[in-house]
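Order of writing sets the chain letters: A, B, C and D. Residues in each chain are counted from 1.
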Amino acid sequence: MSSSFGSVFKISTWGESHGVGVGVVIDGCPARVPLTREMIQAELDRRRPGQSDIVTPRNEADAVEILSGVLDGLTLGTPIALSVRNKDHRSTAYDEMQHTYRPSHADYCYDAKYGIRAWAGGGRASARETIGRVAAGAVARAVVRTLCPQVEVIAWVQQVHSIICPTPAAEVCAATVEGNIVRTADPAVAEEMAAAIRSARSAGDSLGGIVACTVRNCPVGLGDPVFDKLEATLGHAMLSIPACKGFEIGSGFSAPQFRGSQHNDSFYMDGPRVRTRTNNSGGIQGGISNGEDINMRLAFKPTATLMIEQETVNDAHQPATLRGKGRHDACVLPRAVPVVESMAWLVLCDHLLRQKTVSL
Amino acid sequence: MSSSFGSVFKISTWGESHGVGVGVVIDGCPARVPLTREMIQAELDRRRPGQSDIVTPRNEADAVEILSGVLDGLTLGTPIALSVRNKDHRSTAYDEMQHTYRPSHADYCYDAKYGIRAWAGGGRASARETIGRVAAGAVARAVVRTLCPQVEVIAWVQQVHSIICPTPAAEVCAATVEGNIVRTADPAVAEEMAAAIRSARSAGDSLGGIVACTVRNCPVGLGDPVFDKLEATLGHAMLSIPACKGFEIGSGFSAPQFRGSQHNDSFYMDGPRVRTRTNNSGGIQGGISNGEDINMRLAFKPTATLMIEQETVNDAHQPATLRGKGRHDACVLPRAVPVVESMAWLVLCDHLLRQKTVSL
Amino acid sequence: MSSSFGSVFKISTWGESHGVGVGVVIDGCPARVPLTREMIQAELDRRRPGQSDIVTPRNEADAVEILSGVLDGLTLGTPIALSVRNKDHRSTAYDEMQHTYRPSHADYCYDAKYGIRAWAGGGRASARETIGRVAAGAVARAVVRTLCPQVEVIAWVQQVHSIICPTPAAEVCAATVEGNIVRTADPAVAEEMAAAIRSARSAGDSLGGIVACTVRNCPVGLGDPVFDKLEATLGHAMLSIPACKGFEIGSGFSAPQFRGSQHNDSFYMDGPRVRTRTNNSGGIQGGISNGEDINMRLAFKPTATLMIEQETVNDAHQPATLRGKGRHDACVLPRAVPVVESMAWLVLCDHLLRQKTVSL
Amino acid sequence: MSSSFGSVFKISTWGESHGVGVGVVIDGCPARVPLTREMIQAELDRRRPGQSDIVTPRNEADAVEILSGVLDGLTLGTPIALSVRNKDHRSTAYDEMQHTYRPSHADYCYDAKYGIRAWAGGGRASARETIGRVAAGAVARAVVRTLCPQVEVIAWVQQVHSIICPTPAAEVCAATVEGNIVRTADPAVAEEMAAAIRSARSAGDSLGGIVACTVRNCPVGLGDPVFDKLEATLGHAMLSIPACKGFEIGSGFSAPQFRGSQHNDSFYMDGPRVRTRTNNSGGIQGGISNGEDINMRLAFKPTATLMIEQETVNDAHQPATLRGKGRHDACVLPRAVPVVESMAWLVLCDHLLRQKTVSL
């Protein structure tokens, strides 16, 4: 029951890192949405390995095939199946890990849960699992953009280790983010961050950081009160991304510093539009979008796979040591950016379709 | 579609702050779980208003009635309906708010979403909505404790405004938390926090803070990989609590400060048990519990209702001002503690039942 | 997981025959639908006991209370909780059945499933469970009628034992059906059927029959291909009604008698409307409504509770005999008519709301 | 939302008749179930075209590929993706149907629902859609058989047009059914039926019939009371099969002929086992299996595609005529048998896993 997400726009992802491939089935996509293979491939290219010298050199083209649900550039209303074949198995690189639990990886927990060894490369716990998310996110984006062409979702790397990009959310420019290999909002900061990542990699170590994400021009009224508040479903989506350790919306963990009189967002009229003078709410009030920018931040831990020897145990419950082989990211954040955006599109798309059922 | 939560242990809450009452239906509770009205009432008493001088004086006994699903102290396997009648409507206190949007409240968004004015007291956006959560949480607790008697869930107020309770999660004692009106882990800090809350209330203002929550002795193997990771469903649950602005698990937003070699939790054998030397993972790896304590933190914003005049607009889109009346908490955190625990029990119960379907 | 139904318009029923009461929570009802207590009560009055001399004399007013989700005659978009208190427990009538399995009842199966004795009156297996269906069905009807005022749903008793009402579906008149105590489509046949029911009751025996149901003016396009075909969800709904043993749509079990050239429904233009010359499809093709009348038939077995001594076993697995006491229907069909209509409204409402998410 | 089925053992099928291929993703399959490609292929071979001279000669090997979720002959607990490539598009055969609505097909309804023309071959409305069902059903069978090795599901053709196979359900032998091309229970009747099918085909016409299905040695306690009664979910499953017009369980549409005293199934002890002397209930009471054989019957209409000229309209709403080309079954029943069995396995598997969550 674990690999499905969404309530009306439902996705089911499948695939293991070192199996035949990975993919997704989307059930509940409206008909007549313009959609091409290129639209999906473009997003996959943003997350694929080997894009630059600071990400894993695993060589995967990650070419997507549309297996169903689209004809002549339009969705049919039927399930859309998307598949990406794995090219570069190299599972021999994982041989010695077969019986040893990698620290801060899912190996031990999978064993305990399923009673069967997740295989080389981490199975579903591999970063390759996010391919299904990004492919589905591209479809969600097409749906949202067809219904509300003005909606924008931009994620960027706001922090790597102790290096912070100070650009305010409202000033972040998508082209700038895409214009540097770190995907941060300021090219000068990008160089610092890239240097830190290269340095950590040289030491066989890894770095974490913060990805921020903003949604602009979101329609008012999305999100359901009570359990499926917009921030709750966004939080669910983001916290399900591998290595994400925290999620905040609006003022987030800085909220306690404010008094109510400082934190409340006063309403005023901006021409015909009800707006708020501040945006501590992060664009969501009572679980429902209010039309202001939706501002989120996600904390990512440093990658667990290290080229440094670590203490651990094996599946016979004997002490062991382990040093990573294979090809891994010393910092996942640059490649996490399109994943974060995809999860945001998936949540927005689902709530947008749900909203159609709320009013007469 | 908003008021339901859970996959196997499913709850549906209902009720408005100033309507007939509030309640919940639980579908999917196993049979033969020991359950009494008193077990549920005890938890409701922890969240009810009027417990102390630092919470809202609204006078509600919040007496629960079990309408179905329980016979002679045992669950029947059939739906459990729980209901609490509203006693103290006082909706006249809200009259002037009827056409004015309260800043940082849900009023404007509800109007935009539903095209109909949520009535006095906030409708579903009121804190009274959490009664259904706490009542259902008490049932979830009974189920989990019947299956795994050793599991403990303890939440406490870790911060109010700038006052921090430094007690480490592993040393927090439930009796101590319940022994002070703030529900923090250290009685001396509790006095400071209570003073700050009283002072804010006197000024017509409000305070936010942090609630921490730890789960001890959680079975290994709970949580589903990919979208329903344990931290993702916990995050969903917690971020759906009114006023919650952020959620973190384990190292959370401090994760970026670590290098991978510092952050990884080494495995070792503790007798027959696989354990980790540190717990930056917060008891969850790859979305699945590893048996270590599950440590979460939630950020809460200061209450939006203030006894201070605020700028706003009304539903005719004219500028207006508003000063709160009614009876409200100047700080929701003491009463949020049982709500946080309830959401944790609900998530644990659902995953525990789901886990029964995973292995043969 | 058993007491919930619907995908967007979701209902959760609760309550036992001899507990505090029965009811339903509806999650996903659109806002601003005109709805009053009287609209719901009117339908409950059609299914309540004691309406005439041919149904059970159990004396229950079945007065519904709206607990939430409705204000000033309009739905709010929030969950609608409806409750009916049980008045007439009389559980002593069931004392001797407490340890004896009633033949063709659910007693033995409940024991096997839950490991706990369903109590007097049959618990959830009682006909009182259908109150939640009828109450929710009245809300569904209000939603459908608000969106599509022309839709009609009419069910009637088409057969009792060997007595058949020959009125064609297209000629059945709701007022006529409601004008006789059997709820059949022809008053003359009604007298014959009533006499047969009285005669069976005098003998301590019971009768089954057929309920037919037609939906007129259904919008074209409802129903989802593949698993949630309109006939499949209607079948699910109808086969979940206690005592229903069969469901057919259109030509149904007579379909095998036709050759394809006889069975196919030719299309023709009726003014601007695409219509079919015959309606063997029963208004549904490929799982989707085509605008013709949706014609269904349901087979009901004779009531299992008899005032005749029957062979059985008890829960100690000893042979036993049993003779019904309590007050029961010798024929459930007259009271099943509003239940059948309610299930049809629930399915139509859900598909109507789902359809809003299919197209742009 | 249409192409998913199941509550715990969830499947999502995808694919169009004349697209790249068809397939299914299974989410919620337990780990460590023995499963091979051959087990799935064997069932697909039973439904594939071209098996005999009485089914469509469309030449499709329907070779299945396991894309994920299985390693070394065991399921991993992760999603199982199964895919079958289409070999034999021949969409030119459908060219002239592109703008003409085939009578009693889904063409017109799809247009009305989605506002886009389902393409050549019927898209999701094609019989090829059932490949996903059969592939998933083979996995469900593996799960059920691993948990309860004694469970048997046997479907057979009980009637073709007016030719009836009189073999009682309890005497039907799987090997006999599989031993004749019609898949009926009596070889002599099979010849008659085959002759009737050949004769209809020669005339360009088609025949319908009845498929019966029995489940033997079903564990007691499966099925949920109220909406997800075992017969209701079986009915949902079966009525979703293309061309199915009716479903009955146990006495079904003959139930009205009985009085209660004739219809009730008396309990008696058969050694340690509670059994019933008759089985009018069809193995299900109160929605829950009682351990007796579960006996179902499904009515199938004659195939809609005919090689005879028929009156219809086109998508410009002009009168038109149509004569089928392409390669079609003159009678779908022989190939429906494995589909019916697959749907039964899917329902049983889901309820078996759900049952694990009901008791402690």
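A few points about this structure:
Basically, a contact is a pair of C-beta atoms (placed from the backbone, for glycine too) under 8 Å apart; a residue touches a chain by one contact, two chains touch by 3 or more.
The structure displayed is predicted, hence computed values, not measured ones.
The pair with more inter-chain C-beta contacts, choosing from C-D and B-D, is C-D.
Note: the chain lying farthest from chain D is B, by mean C-alpha position.
Between chain A and chain D, the superposing rotation on Cα atoms measures out at 180°, rounded to the nearest 5. Averaged C-alpha coordinates give centres for chain A and chain D that are 39 Å from one another.
The distance from the centre of chain B to the centre of chain D, each centre being the mean of the chain's C-alpha atoms, comes to 46 Å. Centre to centre, using the average C-alpha position, chain C and chain D are separated by 26 Å.
Among the residues of chain B, those in touch with two or more other chains are 1-4, 8, 13, 28, 31-32, 77-78, 113-115, 124, 225, 354, 357-359. Here chain D touches chain A in the complex through residues 1-4, 8, 10, 12-16, 19-23, 25, 27-28, 31-32, 65-69, 71, 74, 76-81, 83, 113-116, 118-119, 123-124, going by the rule given at the top. Here chain D touches chain C in the complex through residues 1-5, 7, 13, 101, 103-110, 112-115, 122, 124-125, 129, 159-162, 200, 205-210, 220-229, 231-240, 242, 245-261, 263-269, 272, 274, 276-277, 280-282, 284-290, 297, 299-306, 308, 310-313, 317-319, 354-355, 357-359, going by the rule given at the top. Within the complex, the chain B residues that touch chain D are 8, 28, 30-33, 77-78, 146-147, 225, 353-354, 356-360.
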